[in-house]
């Protein structure tokens, strides 16, 4: 029934001459959430940038819904139904909140019959954004920026949502809010690939955990198993 | 990469190729003119007419063929000088013809003078060359700036213009033109009520200047513009409606036949002084215009006639010395002695300074059959360059 | 040795440094930690003068450098490494280091004597290379260097000017555990008299280098104290360690 | 006489018409330069081709409007051609190489024009309805100049509308902020920027035709406007519509007022103005991206 | 330890030897051309100091050449000075003016530096164009040459004048080469490579940029003085921005940052345009294609690419020059 929506096979990635990813393989099942954990510098962001072709110097295979995408440019990858919420949030400061959302609006390309995301629905989910609709992207607080970034990703009606440390630098109250949004989305059956440092956040949302260290996948398993693996936690996450 | 090295060697060894061939049979005429840059059109025009002149007056004297060596001054003094040296010392030309711009002429002058190379100036109007900077090796078939405009000052006063506004580009020739017009005009009793000198390069708009002229309400506006700026100026003058209120007068080049079509209605009714206009009525001019039209399908301009006459001067001088240019002094004397009735009427060189003595034509543009063209309004005969600062 | 007094900086309505103060004694080692976007690097840049503070003072070794440019502050004794490698990429390791050594020796006004004639500069640079474990790649151009080596060189350049205060901005970021270990040893081995201020995410490195930590959050100091104090602080656990159950 | 209000109005109109011509020319260069990081010194060449294509079309059709409609399209095609064969390859080349290549293009373009249309200066006749004059406070003023001002304002408004009110405009603004993020939203941002490049070429051609009825059309006309355009671009700041508008207004008016009030220094007014502005604001007045 | 004979110096030596040889063997015009190109090469080297070593792309460098020329012309023709002190004063004056300009402009970057230098030079150009005392746009003729009888050179003999300019060029090259090999030069290389890093190491970057701006201005002034002596006149055209533009093109075409590259660029571009313009009036077309070809096929410039190839090639390495 469930299939592999995203598959990464033996991915190698480079920044200049440094070999950041050294053969990473992961897969995300449709309708599930995969959390990739790892320390700073483990290569988490590089992994996501490689998938999205933001980083072009890479080797290996990346498949989306069974189709090879590693040689496609970023915009084509995104238009297959992948949405990216980067660590930097990528809000466009010269655009208003509304424009930030509208620019991304696109019909779903997937086969699932989820309810379509549009401006109204996004505003329902994030009422703060509606209040701030005419504000410039630069005038938002960190939490609002994060919400806008997620909301904007939703406007593309994705089948796969990729999030890079969505809780980073946010106050606990906001982290909780975001957690509840994402849980909501998960219930709707949206597939997610989540990169996190925040263990509690990651484990509560994920169906599966992968631990990235030294540019390689060190451990894969369920959240329940992960909580027991103190050794893994210590060695690769420094907790 | 071997290619690159090869290229370097070729470039360097091409220095060797500059070794000149010894002056053999043909008479070499060095055409030192702009073939690129702003004045490229004039350089070509003079060259074409010079070639036409050789066809008409003969390109062979006593078995010696006359050949042209063209070098591009780019209208820049430095390039002009460098090319002049090439023509004199490398090509060993017998005579130089050119240049268009006074700046290049000023740069060339000492080299020509010191190397004792016969030099026929075919356009540049730099006053100094027939003044303090004159040389026994230089004659001018074209004009000196003051020669063209000074008589016009008197003429305009005599014809009822008392208060005149002046405008010319802000460079030496522009100021020379205006200064001499002013001298002639004031001598006659007129008053200058305003002067404007827009920058030579990049005057993007004459509107501001024209508005000032309009405010001053002169009897006439006297200007000197040539080439592209002349088109722009005349069009703006018309567009601002000054044509109906203020008479426009200028030194001849203002409505040159090369540009008059592009100037449109604005060119109508302009008066000017020139050393040549195409409609001068004499046999030599008719022959010249017929020949030029047959070859180039349009009227020959005042620039062309200077090239044409320069060719005639050289051919006749060569005939006088039987094609022998080995005695440069004798050849130069022969050049200076040439006199003929040409398209511009009777012409001869001023023994004092080598400048041409010629008629200055006062013309007026008018529209006949939908075509605007100048016609002769008045003739000021045998005008000399009035300078006496030349001591040869 | 280094004193920052109520440094404040804002971009429009965005306050990136909210009255940050800090005092380091000679030989003291201090880590600045905090979540991404907490304003750590901004704080560094305010100290070094790369960003001009709206208000507040910076004092280096008793000298008020508040209004001064970054190069003047460097001459006053601040040496820094950057979070993102900031090297002379077309030059070799030795040329990188010797350039920095020449700056330290204030040779810039010497224009009559070949640079290669300054043996002592070369020796300085070689010593530095040894200090930061780059001896075996001395003649390699920086752009052909491994990332870890580049990070080491980054620290080497900061050390070359013989600073009074060494400021390290995430010296181990992006490094493998082995490389991190090398870097940690390197930092530990630095002379005890050197005052060090370090931004670091890797807690092992932080705990390895220093006893005292300043936690920044939202551009202001959340808490300042010993490793133990910070470790046990509920505020910090909540904010920074993400309330992890560990 | 300089205090006469009518005189001032007339001179301000003169300044405005120059400003609008400069605006048409510089907005494209500013965008290409500021947003695509292409140092296109051959922008003036496109302007020159606009004028010559205009003359070509005019000679065939006897219609100014046909020239105005077709010539800019021709220039756009020319620009696209050079983009495809040359500029694209150099998108990420060091600026000095771009300088050399576009300088090469200037040389090639200049001789291409000379070979095709000769060396002599010429001009495009004004359209019939704008060939006359109108009365402004009792002063005769050329109506074509008002046409230029109107066209400039129209283009300004259209560009403003497209940039601020359409999705493509949002994409371009967003692309300036964060190009990669736009791609990650599934939008082909390179295509959008290529469109911007084409519009820049189109406007350069348009200004060539429009200017060809006022200024002489001659080989070398490219170089004189190139400098003026670059001045507008750096004064306004790279890559922003606002910068291009403000820059061209400042330079256009400064040039005109300079000629009127300080004719002695007319040739240096704008250079001096630029120098002062750059010393105060080293990145120009309204750059699209903050200068690092 | 650096090699004494780097590739740059080797090629420089080769060029000088070739020119000296040629100055004896070619005829009058060739000698004139050698002098002309040598002066141009000095000017190109001075611009390379800015472009290739300090990363300051100037489009107004001709202003300093012009100031050197005008100072030489004004002092000798109008004030009757001796040529030797005039040359020194010309150089000093060019340095002084570049100091005054440099104080304001060196903190600008990229296109903004380009445009402000252009603006400054256009203002100088406008001044000399207008100033009728110094000849306006016709310029000032009648400039003599430095008397070198004492060294057995007759400067009116073009071969001797060519030799004189070559000797000056050699001295300039040696001087600048030494300067660039000195710690000062190393600072500049560091600034060009990574300005921010130099700043954080404690280098007052602007002061060094100003210093090199002044030195480049002085060398340009020297070349201007030589040019005035060679051509015998000076006109405002010498400081028009296109002159700066053409020399900038020469420096880029030759390859920046090696001094020799600038020289090679000046020699090749000048010779090519000279030769082609004698053959066809459409020489600009060929030069344009040549420039485009350089970028496409020799992106480091003619000499830069040549040097890169040489350094990789076996014979150069086998000659024991593995790292220079």
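Residue numbering begins at 1 within each chain, and the chains themselves are lettered A, B, C, D and E in the order written.
Operating definition for what follows: contacts are C-beta pairs under 8 Å (C-beta built on N, C-alpha and C of every residue); 3 or more make two chains touch, one makes a residue touch a chain.
Note that the structure is predicted; figures quoted are calculated from it, not measured.
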**Q.** Touching chain B and also chain E, the following chains
**A.** D
Q. Computing the C-alpha centre of each chain, which chain sits at the greatest distance from chain D?
A. C
Q: Taking each chain's centre as the mean of its C-alpha atoms, give the chain farthest from chain A.
A: B
Q) When the C-alpha atoms of chain B and chain D are each averaged to a single point, how far apart are the two points in Å? A) 35
Q.
As a quick test, compute the distance in whole Å between the mean CA positions of chain A and chain E.
A. 56
Q | Chain centre separation (chain A, chain B; CA means) in Å | A | 76
Q. Between chain A and chain D, what is the separation of their C-alpha centroids in Å?
A. 43
Q | Sequence positions of chain B contacting 2 or more other chains | A | 36, 40, 44, 170, 199
Q. Got the chain C residues that touch at least 2 other chains?
A. none
(Q) If we use the touch criterion from the header, which chain pairs count as touching? (A) A-C, A-D, B-D, B-E, C-E, D-E
(Q) So in the complex, the part of chain C that touches chain E is made up of which residues? (A) 48, 50, 69-72, 74-75, 79-80, 82, 86-92, 98-100, 102-104, 107-116, 118, 121, 139, 157, 160-161
Q. Which residues of chain E touch chain D in the complex?
A. 51, 57, 104, 107-112, 115-116, 118-120, 122-123, 126, 129-130, 241-242, 245, 248-249, 252-253, 256, 282, 284-285, 287-292, 294-296, 299
Q | Residue ranges of chain C in contact with chain A within the complex | A | 12-14, 35-38, 143-148, 150, 172-177, 201-204, 238-239, 241-246
**Q.** Of chain A, residues touching chain C in the complex
**A.** 15-18, 20, 39-41, 87, 138-139, 142, 165, 167-169, 171-172, 175, 197-201, 213-215, 227, 233, 238-239
Q. Which residues, counting only chain E, touch chain C once they are in their complex?
A. 1-2, 178-179, 181-187, 189-190, 193-194, 196-205, 208, 323
